[in-house]
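We just call them A, B, C, D and E in the order they show up, numbering each chain from 1.
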């Protein structure tokens, strides 16, 4: 495979495709810094197989064409593994490229079900839409909701998640009041706000990102909606509370994999991240951090960067310690449990904090 | 139903405000100013920056908003004039599409310039309008919505009057038709065009601040969609005609409101664009656009 | 001979008296004529394309080269619509999307081989061209712009919402060209030289299709149809008075533009193997238009340069990471300020031919000089004319 | 001789303005007919109806035995749909069709293709008669090459015919006005017409140029092409035309030979004015009825001291 | 007294050398006529005076001010008004609005109204059409608007570029009468005409311009008898 074109002695390079331009560009830096932090730590510990790790970042602009060029660039640069992938739509066309070049992919964020194609080298570190939707339904049942609604933003991940949610809610016998779609990037969501206010579902699941999420919560509350506002992992960010405004987040909860502050010793991690990045960690900083560590561990275990060995080593990981809990991959290379919990917003700081681990 | 209309009118007012400036600029130099939406964004960020510099956040004071509004209007107005001076004026005698492309370049520059300064994340606007409302004739109306609509309507009427009835307005229209001919009438073309850019940009800036305060969140790409919508509104109304821009904005707001209600949010834009296309097929110059009669 | 020529002019009752004197045949040499030079340049470019994989066959190079070729194809198509026929199209990417989706659906959902999807793509694009062209026939300039923009958005949103187009995540797993049991993806080796699938695709499909596309569009522009387009662009009424049905001319421009874009779309879907609605946003329509205007409307070499600029600049600026769109924006403004008629305008005359070839007239139309005095254009590489009367979609005409 | 063009009771109304108001005339094969009349009499408007650019309010135009306009029932005129349909060639024949049938025209304001060279301008006019298909253009078949060659030959023939001697590769904008007029006529001839409509071809030409234009028009007539000419230069009209139609307020007020028209008191009053060519105009001796010295003095009353009293300092700032 | 003095002016359009060391003068209160073939540079001269084109060399002075560098709008408000070739009517504006624009640099509203009223009196056709869009007027009607528009600005020096183009014979005569009346009221006039016969009748002096330079000059009567002028511009 092309995975070892970089030679046997130089640094082991990890490629990361993430959005640094375009509407999703905020997430690129979070991911890059998370990964960089892991690499710095590993290198300080002597690297992997005695070689240093190195991160190569390329912009995918959340766009297929740019992503393909970026992926080809990474392949040409001879990276040994890929630890990127935020937008499912941009990640999809890169799968065959990395696959052909024999480069394993640990995808930290993108989690559309479409990514699960049975390719040997593709691993999803983020729970899939199906798993996340299951957590959402579980929570809805738990709080005794009988009618639910779903709102998505017409992007791949969001529509996927909303569809899974609606399907599973139906199976669970919940009454789905409506399913709506909004256009991201606008300001006015009074159409869904009005709909929420008039139909008053017990719980509404917003599967898009935090900016629109914050606006919708606010507008729906103003319009008179007072049910539970459940949001997906794309909305988990401290900015959510800021945008919604004080007093608007009391009923907001989210499905999410664990956040650093829910984990012991995370304060240190946040501190070193902040030192490196100059700002607090954001969505998918931890997953990217973990993705790097998974790869490093697998290479260490395999004793080489040979594609097949590394893939086998990743498959063999059992209970590897990550922020999201002990990690083991299923046969289709997704997380075994998904590890979703319910987080709520701390009224003081606006940060998301653990509310319900869905275990009881 | 009534609620749909009211929602549509609110969104429409924003479109109309931005479309007004768009239409004015178009009206005078026939430029589809793709950077116009970004001046809206810039207005919001000027407000954000100023308030942040004074450490203000989560404020609801209306007088403060007015101060910030004026400040942003002046700043974006001047920026607009600067853009015209640097990027558009040298191209006045070039093919129109050249300027259009320059405008797209300016748009990129403004967007990514702001991104480099303020970062890619959306920011919460430090001033929030009170959003307690009352019910009236089946609509839920908030005070801030009323303020918004009144301000928008007033600005539009004043401007439309200026352009249609005054000497300077006549000069603007004359420049639109034949800049050289206008010079021969003694019109200081550069000054009038700069004025138009100032007014148009200031309006966009005002809309940006108002949107920030009304909705609460701003980001560096916020001007893109509204720019497109304003363009659409201006065209529906008959581009270059200010009353038309106003009507077009409101109509587009209503179309979207009803489109979303009838066909669902995902088909909303399809509905409004399809309507627009059908409409233009029968009325090729928009609602109020002048038919240019060409002599053989 | 003369009889042959007579046949070419059907039922024209009135014929010109024979010319009074014979003009000298125009020069044809590489350095003595414009067309000769361009032809030589074209041959050189094709040669360069052919040897590129031997210089650098890395995946990255091949990938951006293929994308750039596809952009060239797209821009040549838009050039027919905007550059020749003068119709401002802000939704051109829609045709690209139609091509990409039709071939995607044909190959993945219906299971046809890629080459069979070609006729389907062409038919679909012709239909799309007529649908978009129809309502816009009577519209002028900016009204046309908004209608085309609207169509672009309608196509994208529809693709985003339909089941068959794969919704927001689009279609993936689109195969390469294959014939019977053999696919381009398999690649092959001759004499120890290995040609992986992506190189083969680049060679035999992208290069050939695009070269044919470029030459074809150029030829159409020179013939009767091309003259009709340019006449419509310059003055619709006068064109009618010359016996040109302007509706037919406009619709045919749309159709040709659509087919070119559709073929580019098909190449793109094969090249990427996955397509999603995100790649067909308005922004891309704007970028293609930018390429055409930046290069020089109506000028084949110009449009190619523009396409390369727009497709390669973001790649070449990759190292500037977050700064690249800022730099791109500023670069655009600067280029337009210095070369308002484009990098290689249609009216350009090679510097050493200037003496023998007439210079185009300066800009004189109504949107003309304001307080600028006499332009003192010093030619840089090519003598360009700062703005002929709007070459674009606009009326540019005074009552 | 039979008529190539028959215009019957042509009417064209714009809102309240009756631009053409019941015009009827014939053009016979191979004749030169002049249409004259005061400014705004409706001459250009009539041309526009005849050549298919405007849909007249009523009346019929028959060219070479073919109807060019069909009557639209009056009440329908207000309908949007009729407006839409007519723009696609219902109720009237599109100008391109009219041209194909053999009627060519020039425009009052020059309408050349500014971005095309002189030769290309003329080649463009051969559009309808050129056998050149889509595929043959793509493949450059011998048929295509022949057609292009014929097209160039023919275009050059017409350029030579109108006496254009400059470089055919020049862009039309580079030519002096008079030469542009010639190119426009060559372009009209290249459509291979039976009837040529010329709208003020001599406007802006000086004496010498007018002379050669007249010679050219005669040569066109000698090819067997009927020529209809709108012109304000009476010298030219009287010398050239075999028949003259006079319009006023959209109505035909006279139709006859130059000699008859010259003597027609109605025409003199409406159009020609008294021939006082010999006496020089003297500002102190104004009396044409329409313009009174007082009126002028009034207008300019302020002008004498104007600049100063307009609050200007008189100089250039 | 010399009002306008053009000296050794060179003008280029790109490479086209349109005016070549052109010199001429116009005295206060005169009507001066410029004759010349198509493309001789007459319109270019007019544009030079109104500031639309800039000379590469030479000087243009009017009553002591330098027109070569002044802005066109300042030139207009100082009383030099140019009726351009091709009329340049504002096509979608009404006749009345066109006239109002003619008074753009006149501050006094009442004066504008008065002058407009008189223009309507002078050209009743325009009064009839005051609400019609300028672009839909017939060629001749447009020419009337162009001339009327200039009068409303209150010219001290009036530049007329082919005012009789496209006008009916009767109207040509009227226009010429208006011009001489305007002149009698004290306005200096510079007139470019193809209708040399009519122009020389009202002009005091004339220049013949060929390929951008003056080739003949003299009083109108002299030139009207000069065989070269007769042959080229008047006809036998």
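Throughout what follows, a contact is a pair of C-beta atoms (placed from the backbone, for glycine too) under 8 Å apart; a residue touches a chain by one contact, two chains touch by 3 or more.
For clarity, every value in this text was computed on a predicted model and none was experimentally measured.
S.K.: Starting at subunit A, how many touching-chain steps does it take at least to reach subunit E?
M.R.: Tracing touching chains, the least step count from subunit A to subunit E comes to 2.
S.K.: Looking at chain pairs D-E and B-E, which one is connected by more C-beta pairs in contact?
M.R.: D-E
S.K.: Starting from the mean Cα coordinates of subunit B and subunit C, work out the distance between those two points in Å.
M.R.: Centre-to-centre distance between subunit B and subunit C: 33 Å.
S.K.: Measure off the straight-line distance from the CA centroid of subunit A to the CA centroid of subunit D, and report it in whole Å.
M.R.: It comes to 72 Å between the two C-alpha centres.
S.K.: With chain centres taken as the means of their Cα atoms, state the distance from subunit A to subunit B in Å.
M.R.: Inter-chain centre distance comes to 36 Å.
S.K.: Once you find the CA centre of subunit A and the CA centre of subunit C, what distance in Å lies between them?
M.R.: 40
S.K.: Touching two or more other chains, which residues of subunit A qualify?
M.R.: 21, 25, 154, 181
S.K.: So which stretches of subunit C touch two or more other chains?
M.R.: Subunit C, residues with two or more chain partners: 138, 160-161, 237, 322, 325, 359, 361, 369, 371, 375, 388-389, 391, 398-399.
S.K.: Please output the residue numbers of subunit B that touch at least 2 other chains, ranges allowed.
M.R.: Within subunit B, the residues that touch at least two other chains are 112, 115, 177-178, 180-181, 183, 189, 266, 269, 281, 292-296.
S.K.: Please give the residue numbers of subunit D that touch subunit E in the complex, ascending.
M.R.: 14, 17, 37-41, 44, 108-109, 174, 176-179, 200, 203-209, 211, 232, 234-235, 271-273, 277, 280-284, 286, 288, 290-291, 293, 295-304, 306-307, 310-317
S.K.: For subunit E, which residues count as touching subunit D in their complex?
M.R.: Where subunit E meets subunit D, its residues are 16, 37-39, 62-67, 70, 74-75, 77-79, 86, 105-108, 111, 114-115, 118-119, 121-122, 124-125, 129, 132, 136-141, 143-144, 151, 154-156, 162, 165-174, 176-178, 180-187, 194, 196-197, 201-202, 232-235.
S.K.: Give the list of subunit A residues in touch with subunit C in this complex.
M.R.: Its residues touching subunit C are 20-21, 25, 57-59, 62-66, 68-70, 72-73, 75-77, 87-90, 92-93, 95-97, 101, 112, 114, 117, 154-156, 158-160, 181.
S.K.: Which residues of subunit B touch subunit E in the complex?
M.R.: Per the stated touch rule, the residues are 167, 170-171, 173-174, 177-178, 180-189, 290, 292-295.
S.K.: Residues of subunit C touching subunit D in their complex?
M.R.: Listed in rising order, the residues of subunit C that touch subunit D are 4-21, 23, 137-138, 216, 219-220, 222-225, 227-228, 230-231, 233-235, 237-247, 347, 357-361, 364-365, 388-389, 391.
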